[in-house]
Amino acid sequence: MGTIDVYPYPVPEEKSGQQVVDTIQKQLELLGAHKSGNFCVDCESYQSNIQTATQQRLLHLFHNSEQPATCFSVLDSGICLVSDLLFEVLVLKLTEKKTGKECYYQQRKGFKVESKGQRYELGDFIVKVGSVILASNFRGILIEVEYCPCVIPSECWNLMKEFMQSFMGNMAENPPAHIKSKMDTIYTPEDTIQQYLEHFNNFRKATSASVPATPNR
Amino acid sequence: MASASVNVSVEAVQEHKIQEVTLDGQEIYIPPLSMSENLAKLAHKIDFYKDESEDKGKPTSEGEKEAEEEASKAAVQPSLWPWDNIRNKLKAALTEMSVLLDVLNIAKEKRYMLLDHVSQDAPEAKSAIQLMAKKKGLQSAAGVLLAGAERLKKSQQEMGNRPQNEFHIELLKLRQNWRLKKVGKTILGDLSYKSAGSRFWQGGSFEVIKNTNIASGEGDTMASTRSSLEVVIPTELEGSAFVQVEVKTVEGSMNLTSAILRMPHGLGPYPSDAHWQTKLEAAQNVLFCKELFSQLAREAVQLKSFVPYIVVGNQIISNVFPNVQLSIVLCHSTGKKDKKSQHPGKVEHNHVLEHSLHQLLREVHFKSLNMSVPHPVTATIGVTKRRRMAGSEAIGRRELLEMTESETLLEQIIKQTRHAVLRLRTMKVIDAVASKYPDPQICAHWSCLNSSLESNVRVIITSQGYEAMRPTWQSMYLEIGVNDIKVVTRERRRIILSFEEKEIEDLILWQISQHHIAVCQSLARLLSWQYISHSSATGVGEMEDFATASSVLLVSPNSDKAIAVRSGPTTGLHVHMKSDAKDIDAELASILEAKWHNLTGTFKEVDLNRIDGRNFATKLELIMASVTRKR
Amino acid sequence: MDSTGAMGQVLSSKVAPVVENFLQGSVLDTSKDVLIHRLRGLCDNAENQPEIFHDHEIVFIMQGNPNQQPINFHARHSLMHPDAWHLRYLGVADIGDKNKLTLIRHCVDAGVSSNVVDFLNEMGFKIDFEFIAKGYFFHKGRMKVTVSKLYKILQPGSTDQVEPLSQSHLVELSVVAPRVQEQIGEDMKNFAEQLKPYILYKIELKLDHLQTV
């Protein structure tokens, strides 16, 4: 586990998402990267239904294929619980409706987002080119770049920036917002999820503002 | 003064009584009594008179006696009606109770009467009698204790006198070492490794019986040597067994004919009248070997391998290296077999690997019993701590995959075998080379810290008498692994060798040739010769079979002599010396200085065999010393 | 709603252990040593010293309007390895079935990161009660046997200041299995028989212990 930066990649109007993905992948292959399977990061959201609580809560459940035994749960307050996959069953217990009883959490329909695609390895770097799919519609592209040997973002930012510019152009001018605040701390898998959550939320907002297929960054 | 009321509940039994059962099985019931009939019947049963006389006893007042008389009279009289008897008795009782109450009142009120203790005369000659009584009591107590002690002593003696092999004592001893349980009248024992973590299907139950033969028939002398306890071991566990591990070098294809049961002489069947402990231990060993073998056989069938493992009867054959195979044979002799199976062929049984096999299976047993304790205790049991934490620590895919990987026994033993073969080969090659080439000394320092999968050796090449010249040491470090040998040479070059012996030999020969060059360089420095050139890969001259020859060119301090040394791993050492060019006229006008004479000249080879000295270093030193002209 | 369907799917697709067979009893402190001795003989690894544990459990409750059924989550961590937290949901024990040899309840176990207390609080859970359990752990195959003493926490938040709850130890036998199996119950029953003289009541139903703390 090293440091990971996640960036959205713009899809021009005249091109389809698949075309852009193919272009990036071709560029990576030219750099000498080789395919090492698929990856998938998915997120489902639940809404609280507790009368006594002062405010409504949103609970996001994440899975990352890179940590297959783990389920990440993020509340909208930002706190992230890292747990076994079985935590999901516990959440389902909360969504369970017994006869004549109401549940505490409800799944939000049409809110399932996932980013999936090819995973590439190039030396110490792992690059993942993911197509973001919201409610089975293509919404954009997220590129995840990992530099494995280093866990402190500030130590390797320049190196990563240089590498990313080699195939992403000037998309990666600054570290992602989430990373910026903790450049000198040890990077954890939780941070990856926080980055994805931020992007997923942006895509959702963009969708609800009915501006299709353009990431707002 | 009213008498307290007593609640008497009378209840009839719900079921009808059977009067008789007719022959055809029909039951004739007595019809239940009516309420009043029942009451009368029960009342008849009450014997008020008896109750009074017994309970109150003798110290009753006059009035009671009267009542008694009255009652007896009433009893004699024919009863006028069913309740007459009862009435009389109750009346009498009431009278008596009233009298008793009056007496008590009188005694309590203390107005009319006072009650005093009746003073009794104290018994005389008190102390003497008391002493006597005490003495008697003590004596009888002592008697009881002595009798008890005697009995204990006797039983102790009996225990001592009893033969050591008495059944129950034997049973006690057996129970201290083996698991026993009683089923019905038989005593069953378990010699399997189940309680130690084994999951082998075959059970190991044995039966304990009393040996009655010796007690009655045979003489005392025999009885003392033989046990009165006998164990009956299932036939499939009889005899003795061991797992024979053999590493063989085979030419060409696999040699299947060796799959013959061969029993070493030392490990024969035990005599039928052996002690039960011996028998049980042997049977347990048989069971263990069987489990080991069946486990290996199962793995051999399941494992996919480049060269398939072959399981034939009681033998598993696997290829370790080309032409080297590992055969694992389960040898089990039941003792009833004839001696034919004793094969004269010599078996190279590998005790170390057999021991490793036993160790590996025991480790499997251990693991199945020893699970890491979950903290907190409600967490899942049966997984490693790392796996338990995998979720909450977000462990990556690769680490999770690594966690699931586990090696089978067969794979592990093959790895160990490979290493053992490789180590043995390396050892042999180094020894062979060292004895073949006496000139530079070859020392091998084997590390005492090694495992069954890795060992290290440092090979140092020195010249005798010149060990103090540290730069001449040609040392290399060999790390013997499972499939290959990693070598780090003196100049920190890393070389990976395969399992072929030739490669190690070549490497050592090349290192020897390098050592010679190093000797030349060091001697030149020592004798202040000039070191003109050095090439570690000479492109000229005879071709080497492998590697390259090195060469060095040295010039004497006043530059009139030059020595060229060429050292190759196969072509050997060649020393050439250049002397002054005599053919050039010293007075030639074009030569301004004497040093220009040194420009030309021819090299002639020195016959090293004709130079004195034990080794090359001495010889070279001699040459260099003898050709140096005084300044 | 399809949430129950999804639940069933998760439960069936993953072979997660979801059923806990358990028996409970108690033993007086004075006879605890005898019981420990006996358990050492009955359980695996008789040659080792019994493993000790020292856990802190916080029970969370989610309560809404009367239309919503309260739900309990048990968060537990070991005070010996403070970072390993464990979250547990326990169903209601199936008491009515007389044929079953043990009590059976649904359970879901999940290892979680150490910020679970804050997380549950933010999710809307409230702390119901908490306690400390300290004792010995044995196992025989997959069966866990714990002999634990429960302590009240005098000051919320500090796990050092504790007070024993009673003069006895809680004895628990538990096997977590993917589904209800008769054999497990039988094995447990047989094991419990071996402890007969020491434990006062076996197979007694567990009323929510410590509810009053």
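First chain written, first letter: the chains are A, B and C, and each begins at residue 1.
We adopt the following convention: contacts are C-beta pairs under 8 Å (C-beta built on N, C-alpha and C of every residue); 3 or more make two chains touch, one makes a residue touch a chain.
What you see is a predicted model, and the numbers here were worked out from it, not measured in a lab.
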Point to revise | Dominant chain pairing [most C-beta pairs in contact] | key: A-C
Practice item. With centres defined as the mean of C-alpha atoms, identify the chain lying farthest from chain C. Key: A
Revision key, fill the gap. Whole-angstrom distance, CA centroid of chain A to CA centroid of chain B, is 50
Point to revise | Centroid distance [mean C-alpha coordinates] between chain C and chain B, Å | key: 33
Exercise for review: Between chain A and chain C, tell me the centre distance in angstrom, where each centre is the average of that chain's C-alpha atoms.
Suggested key: 37
Practice item. Can you tell me which residues of chain B touch two or more of the remaining chains? Key: 390-393
Check your understanding: Got the chain A residues that touch at least 2 other chains?
Key -> 82-87
Study note, to complete from the structure: Among all residues of chain C, those touching at least two other chains are 109-113
Check your understanding: Can you list the chain C residues touching chain A in their complex?
Key -> 1, 3-4, 6-7, 10-11, 14, 16, 62-65, 67-69, 71, 73, 87, 89, 108-113, 115-116, 118-119, 122-124
Check your understanding: Once bound in the complex, which stretches of chain B touch chain C?
Key -> 197, 369-371, 373-382, 388-393
Exercise for review: Enumerate the contact residues on chain A facing chain B in the complex.
Suggested key: 1, 65-72, 82-87, 188-190
Point to revise | Interfacial residue positions of chain A with respect to chain C in the complex | key: 48-53, 57, 59, 73, 75, 77, 79-90, 92-98, 100-104, 107
Revision key, fill the gap. Seen from chain C, its contact residues with chain B in the complex are 17, 44-45, 51, 53, 55, 57, 74, 76-78, 80-81, 84-86, 88, 109-113, 133, 137, 139, 142, 144, 146, 148, 176
